[in-house]
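In what comes next, chain A is part of two complexes: it sits with chain B in the first one and with chain C in the second one.
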Partner chain A sequence: MSLSTQQGDEDGQYVLIAKLDNARNMSNILKAIHFKEMATVFATANGIKVTVEDSKCIQANSFLQAGIFQEFILREESATFKIDITVLLECLNIFGSSTLPGATTALKMCYGGYGSPLILWLEEGGVLTDCTIKTLEPDEVLDFNFSSTNVINKIIMKSECLKEAFSELDMTSEVLEILMSPDKPYLRLSTFGNAGSTHADYPKDSDMVESFQCTQTQTNRYKLSLLKPSVKALTLSNKISIRTDCRGFLSLQYMIRNDDGQICFVEYYCSPDEELDENDDR
Partner chain B sequence: MRFRGRLVDVACIQHFTRVVSTISKLAKNYVLRITPDKLYFILNDSVTSGGISIWCEMIQANFFDEYNMDGVSAEFNEIYLDIIGENIMRALKSAQSAKSVKVKLTKKHTPCLTFDVQLPSLSVSSRNVVHDVPVNVIARRLWEDYQEPPMPEFDISIYMPPLRLLRNVIDRMKNLSSYVILSGNGNGEMNLSVETDMVSVTTHFRDLSNPTWNKDGELEESQYEISQDGQSQNFVSARIDIKKFSNFLIGQQMNPSKVICNIVHNKVIHFFLIQDDLSLQYFIPVISL
Partner chain C sequence: MKCIIPGNNVRVFGKAIHCLSKIGEDLYIEPLENGLALRTVNTSRSAYACFMFAPTFFYHYDDGKCQNDTQQQEKENEDDGKFKCKITMKSCLSVFKSLPTIEKTVEKCKIKLNFTDARLVFTLLCKHGITKTYNLTFQETESLQAVFAKDLCPNKIVAQSKLLCDAVGNFQTSQEEVTLIVSPEKVCLKNYVDDEPDPNKVMHTEMSLLPEEFDDYTIGLDTEVTFCLKELRAILTFADACYQHVSIFFETIGKPIVFALDGESVFEASFVLATLAEPGSTQNTTQVQPAPTARRTVSKTESQKKTTVASKKTPAHESRSCDGWNDRHNGFNNTSNQPDRPSAFSERNSPRQNLKMAGDAGPSRMPDIVARIPDGREDDDCSNASSESFTFQGKIGIQTSGNKPECFNVQIGEGDTSTVDIHIPSGDEDEFDFIPSTPPTKKFKSMFFGSSQSQTNSSQNETMVKPTTVLAEDTDEDDSD
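Let's look at the complex of A and B:
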């Protein structure tokens, strides 16, 4: 394959080298968090984390663990940079995003360290594409300080049953209210739009619910416009874990199985919609 | 001046529709030139409106069962009509499942191309749809504006990779930049690249072949011979409007057996589609930096 013809000694100059037999595995996971142009990439020996944020209220992370790459070399402890994720996705899909069997795009991705561009080599059917994408100064990413010890309610369920509810959310409503409770109605999603309110209730003993650990009744509102992009992750995923902590912060974790059967994770954090007169002292 | 033709075979009707729709996607209005043997679709855009030229010729006998024409005079036995692609497409839309289509130059309150479409019918009475497509007859003195563009003196001539593959790549590149640089060499290599502030992307196609042309500008059959001189390694390039290129790739509904790309360094790109008896030439001028 053409990718292997890149000389080995040339690779020495790169801090990060990652090879993937199927570029779709990466582009799919990135699509799940593609709601803003810019993303922060953070690479460690464990893999690559890509973060997208909006309005300082929502953060989405995609994890590409080292294991999904056929080759993953990181010569420094970590590497971080900001990149235009729209451009990155266009490059990853340069040969089209069709799902023709047998036609996969091989990818080699290199990064030369602070200030250097991200270089991609893509190959499909003997045609080679090279891309040089400029990297930018990384932004500080938000720390939502979401710790599992403070989690009050947690539900793990199959994504299927939420897909419909989320894709049909009444977008005229400003907020999505999520109620989680150890008692009825257990899990309720509500919107309050121009045409009226909607409620979707999920029982806790349904086949769809894998784990139900709610300790107290909690009702929080989240800006619908901020949560809407998470539908992309939901449609790709098999399972979802919904958690809220004592401050009402929401964590949505999505388990996504890629074409090769590997499991990847995407997570969304969202802060609750606070009343204006309240002091936000976090 | 007289013209009437009749398309009978379903395959012919569909083939004809595909050709017309290909042209109509590339140009809003264009010129139909009718001669005793051939039909031509011609576009000669002025530089201000993009500078695109199209030259498509087809042998009438391969499409029409009946074909009669008398030109403006015995000496100039040709007809030039200015037509609007959209209108002609609408007329052909109802011919999708037709038994036959009659095309006739008629004089209503204005000159028209009349499409008389005979649709299949279950009863004895026939079902007909008639479209009158208004056209402009182009005067004899303006004909010279619509002559075949000369074969450019290209620096490189190269066979294009599969258009479907190219279309995917250009589709993506279109989202990154408004211009694409197409370059090729005599060694069967072709590159497409876009460059913006944020990114530069180059797609390399290899193992294509370079056609050989004889002195009369005709294609020779021995096309797999690659000259090995030092010249052949050098790339010549042309920077073109990516939308025009993409329109060409998306719009073409023919199934060409050969697509040749001729590049005149920093001047023009000339695409040459050949499908059996049919040929389409498409010129895209270079947009310099």
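Let's look at the complex of A and C:
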């Protein structure tokens, strides 16, 4: 009893408290977006969103809903900070990454508000570790302004068939060209590398495709180096949704099922490669 | 050209590509009437591999001979009716990158030539309706052909690939060369220690096998041959994956060793590796030359320019150009473990004593000659120059002075009046050999031939010297073999 009131007193100073029985539920999701060192964390009543960006062209977000936490308390409307995600991941995996059943790491994460560090308590098998990670001033994150109303083409498919296609992409190609169309070849991923061009076609009637809603034929090119990190999210996920809007912006949403059967989402937004000789604005 | 490979054979095809990729950097593709030939040769031209896939390997096989497309026909008429190309191994590997995935998902593989775009198109039709298309760039090239006569080798061993894999697994992965020592009683595999100042400081590995372990063990000539282990590993990886027997044909030091795989008549593979021309440490020899540079670059020219006579592997030739061999080979084709060993062989300690002349052979057809020619990049040390070799048909006339041939006058081609004069320096040399693949110095021998036709195509890596060029006289007087 005294322990719980003591806890209560300490916890009173924190703006955000989140408890997870299995830290891996969080670390796996964060690994899916770990292609840069720094990440911006947003905490709202709905949960935690972690954002990583690169070159102002690609943005990855991972969503940890409040529902997946055993306890989620937010004393303010929202809390935002920037943090070194590499360090955060290393702390979350401090007990090693063994996948023995039953050997889960419990996590308690606390944040005291603007300027205070992020504190992690991790416990496994009776051993307790506490980590304090400095937080930084949050940067403005890009708003890709990707709204569902502007979506022209949308395909939802199972991730397995795309996994090896993405991991075997010809890295000598600068771009990945995505063609989505209501006619053949429906969905085509193309690369243009040193050896020649490669095309992977996915028909709409394939049993791998769950939903196919394409209204217009669109071909867009995206920098392959920017999209390559999305393979991590793809390998973890069960399903992927590919959407393009009228500007050619790409939205990839991955549905990831964690160890406890809960569903989390990771999304990638990417801006298209513009042709240099285009005179008119898009 | 167009062929379609069924699902279960795509795995074998992919494995063949992986095996070839470990040997050479370019894949030579040639659709022939009797099947699709995939060949490669390593950069130092000391290893050659050829996979021949019979038409039964494919669902559909069209070597492009009868085409309705006029454009294609014109093209083919230019090329003497056959399409030959080479693609880089890297680009081919990008198609067959992940073998487990291919095994699981690919239902069919189509290979087609797209003339209009100049691309070789590989299409993988996978499960769930997924199609993967690879449009690969290629280079037109001449046929890559090795000249070797495995049926004439006195030594033949047939073994399960598993046995050889296990044997080879005993050697360190960093081991470059291995020596195979055979006698009727046993076979021994040893690691080859190269130019080590203190051989006792280096680990020596040796393993022996009894003839009973092999499916066929025919030894006509006790010998030891040293060849590259890396290539053998690649061969055995393929053989093991496809549960093949491996047939090994070899003769002696300096002669190539041939590994042959026979895939239930739907495909066959031949691998020809050069063997070290210098006997290993167990043999006492006075023929060792201090090699100034590393041996591995096979195409280094020998100190003397020689022409060697080789035969194309056709029945008509085999009997002719190796006259001296035939009678010695009688009784060699038995499968017993006790090989016959005519005493004639015991004298043949050195491979250099045979002199085979093309002119002696039945002149009904111009014999083939393999010549080794420097490509002009002569350094001060003559043995640093690399050489190219090619095969052409011609007659050889010999001018001798005393007992030794002094100059060869080679007439190229029938009716062609161009000749090549090849001067042999009359040094203290007591042997001249015209036996294929026997260099005098401690070097691996190149046995390749870049072109079986006149070289009009310079798409080859090495520049070919025109046949009318007179070969430079050797300047290295130190060599005393």
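Assume the second predicted complex is superposed on the first by the 269 of 282 C-alpha atoms of A that agree within 3 Å, B and C clash if a C-alpha of one lies under 4 Å from a C-alpha of the other, contacts with A are read in each partner's own complex, and residues count from 1 in each chain.
Throughout what follows, a residue touches a chain if its C-beta (ideal position, glycine included) is under 8 Å from a C-beta of that chain, and two chains touch if they have at least 3 such contacts.
Note that the structure is a prediction, hence the values are computed from the model and not measured.
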Superposed partners chain B and chain C on chain A - clash or fit | fit
Would you sort A:246 into first (chain B), second (chain C), both or neither based on which partner it touches?
-> neither
Answer with first, second, both or neither: which of chain B and chain C does A:126 touch in the superposed model?
-> first
Which of chain B and chain C A:263 touches, first, second, both or neither | neither
Quote the smallest CA-to-CA distance from chain B to chain C in the superposed model, rounded to whole Å.
-> 5
Chain C-contacting residues of chain A that also contact chain B = none
Residues of chain A that touch chain C when the two form their complex | 161, 164-165, 168, 170, 185, 193-203, 205-208
Chain A-touching residues of chain C, taken from the complex the two chains share | 87-88, 90-91, 94, 97-98, 101, 105, 119, 128-137
Please name which positions on chain B make contact with chain A in the complex.
-> 161, 165, 168-169, 171-173, 175-176, 197-207
Report the residues of chain A in contact with chain B in the complex, numbered from low to high.
-> 84, 86-87, 90-91, 93-96, 98, 125-134
